[in-house]
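Each of the next two complexes has subunit A plus one other chain: subunit B in the first, subunit C in the second.
Showing the complex of A and B:
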């Protein structure tokens, strides 16, 4: 049996083929066609690629995507690391309520993206009764155009994404922090190292692998995020918060452009694949 | 003893009737589960499955009567989501692949796409010529094809109007200039000014289009090609955009209009007492009546959307249609009968949704009142969205344009050029 592994792998290959390879192959086929949601493909060629990639607004959308992804990934790393270190410290000191804190952070993670967008839409509402602005006004601070100002709208979308995704980073970092041997910290204390030095010279180097892996995973997650932005701003004002995944959604379901949507879906897959290869390379290097 | 038995029997009967009614209507079915024949029906969540208990109960009664009169039949219901574009695109895709429901609600703005795709089965045999003749002209044109086949039934229509708190703004603004003055006056009184939709959703385009149509502008030509960015249309389009831009720049409307992507925002502002003037749909009149205290609601009045001049008026008319997607004559008949017995007429009256034929306004008491006189009058200037497959993308581009212009990210001329170019590109692809 050992010399004939393909027989055993066949069921898995068939299952993966049916549910993953066939749909992806169909997207590749559609990307070279002139198919719309209103009629099937009549001809095949490179035209949909040239038209879609040469579209005027695509540069702005890719810039939005890069901005949203970069800010989100930075925020997710910092917030996740902060909460994880807080939890680890709490555990070490035997503080009560650490499990509750973990659960509260995780609660945001299980909320669907659409609900997340709606929650933040209410919080960021610029109506006189908007929650965040009303709080700012009570504190004597000026009101902020959270969603109507194109620059602020992107920041608001990033905040909503960080709020929801922090839990995942927290889990990764908490696991990595828990794996660091306490003797390292004990030895550092004996040598007179303060909290800052311990963080810089023990915690961060020991968690380097987890930080790299988490970076790649949350980048891919963020690249695919569109539901929370759809509910929060719809991509507006104008196109200020329209990221690639939301643009694909609009292209297919508003413009009915199945071929163009397929082209951009493959672009997104390509970006995600490159990041996945980095992820694999990082894992291999760690071994 | 007799009294005890009678009381028991009464109690059992009273308990049995609702249980039976509940059994007939579930989240995915109307009628007995084991019925021999079935028709699938995709519907929105605003009637039979409404979150409003009164509405739900009224439609449950209508559906129960309907299905009880047709032994051996059941309706398998499928609830459509709120995302109209996505939902309708999916429905069309399913219908083209032969996997669609037998009968479905189709948004009036998407009806032309379904007609062009050839997925609708004519229902001529089930509606009289007189019924079709009594439809408003724009409705009749939309639901019939060149051969005179009735491909769907437009069961309710709606329109956009201007709501105002008459205690703040006593006279209805008739022109764009008067609307700006009214907005500024309300701001001086501590209100937000004139509210309207300018976020990324269909309402932004549709509510605004009346300003463009009032000047005689056209979005597409007879072949369905976008024409709004060329010739005389270009200037009319820019005039209407500048009207909105002027409202925001002058402070007559708040900058937050670019975040408004739903009519609930207007209702909420009215309920919070922060709005005294907004562009909304006719159906909001009833919502305001239910939301606001009686004495506050008494101050609210509706009027036609202001025009560039008092004589130039237009308003967008929408609504929903129901079409048969099945080739089975029995299911087409079932679909047509459901339209006539549940939705068209009775359903309009229950929901307060505007009927599409003049006779129905006389038939039901529900349509009595000064607001219905105003709606009927404004419908004279009603205009439906063009039945062109490229319309959803034109709408999308206008939403982008409006956000860019009102947030100061683009000038009207450049934004229009971009929107027009993108719409033409979409037209070429389709």
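Showing the complex of A and C:
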């Protein structure tokens, strides 16, 4: 019986071809054109690249993107690692009820990004019904301008993102921690290593691969999503929380600047590609 | 620290973390159960004096909200179903056949996910406009299928890998062709894998905002995610309790589905994550 594997792959190839390969190729073409959302391309050249990359606000946008992404990734990894290790410890000691923590963390993850932004807007709201501020006031502490102060707004967006995204890192780290053999810890115990030393010399080195892989995946996810920011701050105040993906969205669908949006979309793809190559290199090194 | 003291510390940390992660949702519930005038009392009235379901009644009896919910279910169910159908033959080939380019192709399918939906939506908006599919559910379902197919291929391949080929060989001796074997023997055995791929895709589709936001304009066609965003833009502080109720209505189906099927979903994600 002769197998024809490529025939079996045809449906996926057609679907991904139509919805990914052709559009991405078209984005490259559009980036060299003068097309707008309402008008097809007339002429081609490097102009949209030089105009878009030379635009005044771009530096600020990239800075916001870097700040949002780095803080989010750092927070997501720390929170994910913390919860995962706590769950793993509960497992080893047979502590009851620890799965409640896992369920609660995972629950945040299935909440739609747009709802996440709206929920945190109600929490950080500076109106009387804002949860955080009215709690601070109850405790006699001063209120904080969570969303109207540019610096705080970024922090608020990061917190909302961490709340929702911790689950993914938690699952990855939990799986990685479970894969470490108990023998290593038993040997360390015999040698008199305390909990801190065991963490530093066994847990962290053994989980190095998982941490690297997770940072790349989480970074790409953070770069590519903006629905929670859109709902939380709309990119404001001013442009304080306008990250690259939100900026591309605004450029194309509000300003109709198809060519400029395509240029920056390619910049986004380029960043993801570099990170992906690192990911593949890490995976290859682990084999 | 003695193991006993460490256990207590573990519990304390777990309870604190769980409370922290639960706080936003409890606040949402608290707001949604309040009368309009109580909303202004903030955290001082965390437990409403006379909890009311009026806000939910108002949202759920609104005919537009019913259609938003129905649209969301329809879009994410058909998108997930389509993704699983398209992914099945490919996953089967990756699992059972050995051919040139097998590993690179599998990796390529995985890496497609690294491209932001926003990037492909820029030209897709124009294509859909040109072929008259803008503002139709068909266009959104098509994009959902494409977004979900990479994950579906990987999950289904993992599911097929766990089914012993010997079962299929017996059928092959009886003269069954590959497609017959897949339909009659492999797929029924892979039912749990098919289900988890379908459900994970549905949850992803339920969360989707960007795709319907860009491709749909008619209010009667919008799914709940876009609807609550528009609703938030049109509400003022005096209707915060309604927005909270609407958010809960948008969130609860996904939460309920997830909590009911948690074990299956975690297993599916772990299988994917561990294999890279």
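Everything below uses one rule, namely that the second predicted complex is superposed on the first by the 271 of 287 C-alpha atoms of A that agree within 3 Å, B and C clash if a C-alpha of one lies under 4 Å from a C-alpha of the other, contacts with A are read in each partner's own complex, and residues count from 1 in each chain.
Following the convention adopted for this analysis, a residue touches a chain if its C-beta (ideal position, glycine included) is under 8 Å from a C-beta of that chain, and two chains touch if they have at least 3 such contacts.
Keep in mind that what you see is a predicted model, and the values were worked out from it rather than measured.
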Determine, for the superposed arrangement built on subunit A, whether subunit B and subunit C clash or fit.
clash
Applying the touch criterion given at the start, work out whether A:240 contacts subunit B, subunit C, both or neither, answering first, second, both or neither.
first
Applying the document's definition of touch, where does A:147 land relative to subunit B and subunit C: first, second, both, or neither?
first
Of the two partner chains, subunit B (first) and subunit C (second), which one does A:278 touch, if any: first, second, both, or neither?
neither
Answer with first, second, both or neither: which of subunit B and subunit C does A:180 touch in the superposed model?
neither
Can A:250 be said to touch subunit B (first), subunit C (second), both, or neither?
first
Does subunit B (first) or subunit C (second) touch A:37, or do both, or does neither?
both
Subunit B or subunit C: which reaches more residues on subunit A?
C
Check whether A:212 is in contact with subunit B, with subunit C, with both or with neither, and answer first, second, both or neither.
neither
Contacts for A:51 in the overlay, against subunit B (first) and subunit C (second): which applies, first, second, both or neither?
first
Per the contact definition in the header, classify A:195: touching subunit B only (first), subunit C only (second), both, or neither.
second
Overlapping segment of subunit B (options 260-268, 278-286, 368-376 or 404-412) - the one that collides with subunit C in the superposed model:
260-268
Going through subunit A, the residues touched by subunit B and also by subunit C turn out to be 37, 125, 127-129, 249, 252-253
What does subunit B use to touch subunit A in their complex?
85-86, 89, 92-93, 113, 116-117, 192, 198-201, 254-259, 261, 265, 268-269, 272, 274, 389, 392-393, 395-396, 399-404, 406-407, 409-410, 418, 421-422, 425-426, 429-430
Give the list of subunit C residues in touch with subunit A in this complex.
1, 3, 6-7, 10-11, 13-14, 17-18, 21-25, 27-28, 31, 39-44, 85-87, 89-90, 92-93, 97, 99, 102, 105, 107, 109, 111-112, 114-127, 142-143, 145-147, 149-150, 153, 172, 177-178, 203, 206-210, 214, 225-226, 228-229, 232, 237, 240, 243-244, 247, 250-251, 254-255, 257-259, 262, 266, 269-270, 273-274, 276
The subunit A residues in contact with subunit C across the complex are 1, 3, 5-6, 8-12, 15-16, 18-20, 22-24, 26-27, 30, 37, 82-83, 86, 89-90, 93, 95, 98, 100-108, 110-115, 118-123, 125, 127-131, 133-135, 137-138, 163, 166, 168, 171-172, 174-176, 179, 195, 213, 220, 223-227, 230-231, 245, 248-249, 252-253, 258, 261-262, 265, 268-269, 272-273, 275-276, 280, 283
Touch list for subunit A against partner subunit B, complex:
34, 36-39, 51, 55-57, 125-129, 145, 147-150, 233-240, 249-250, 252-257, 259-260
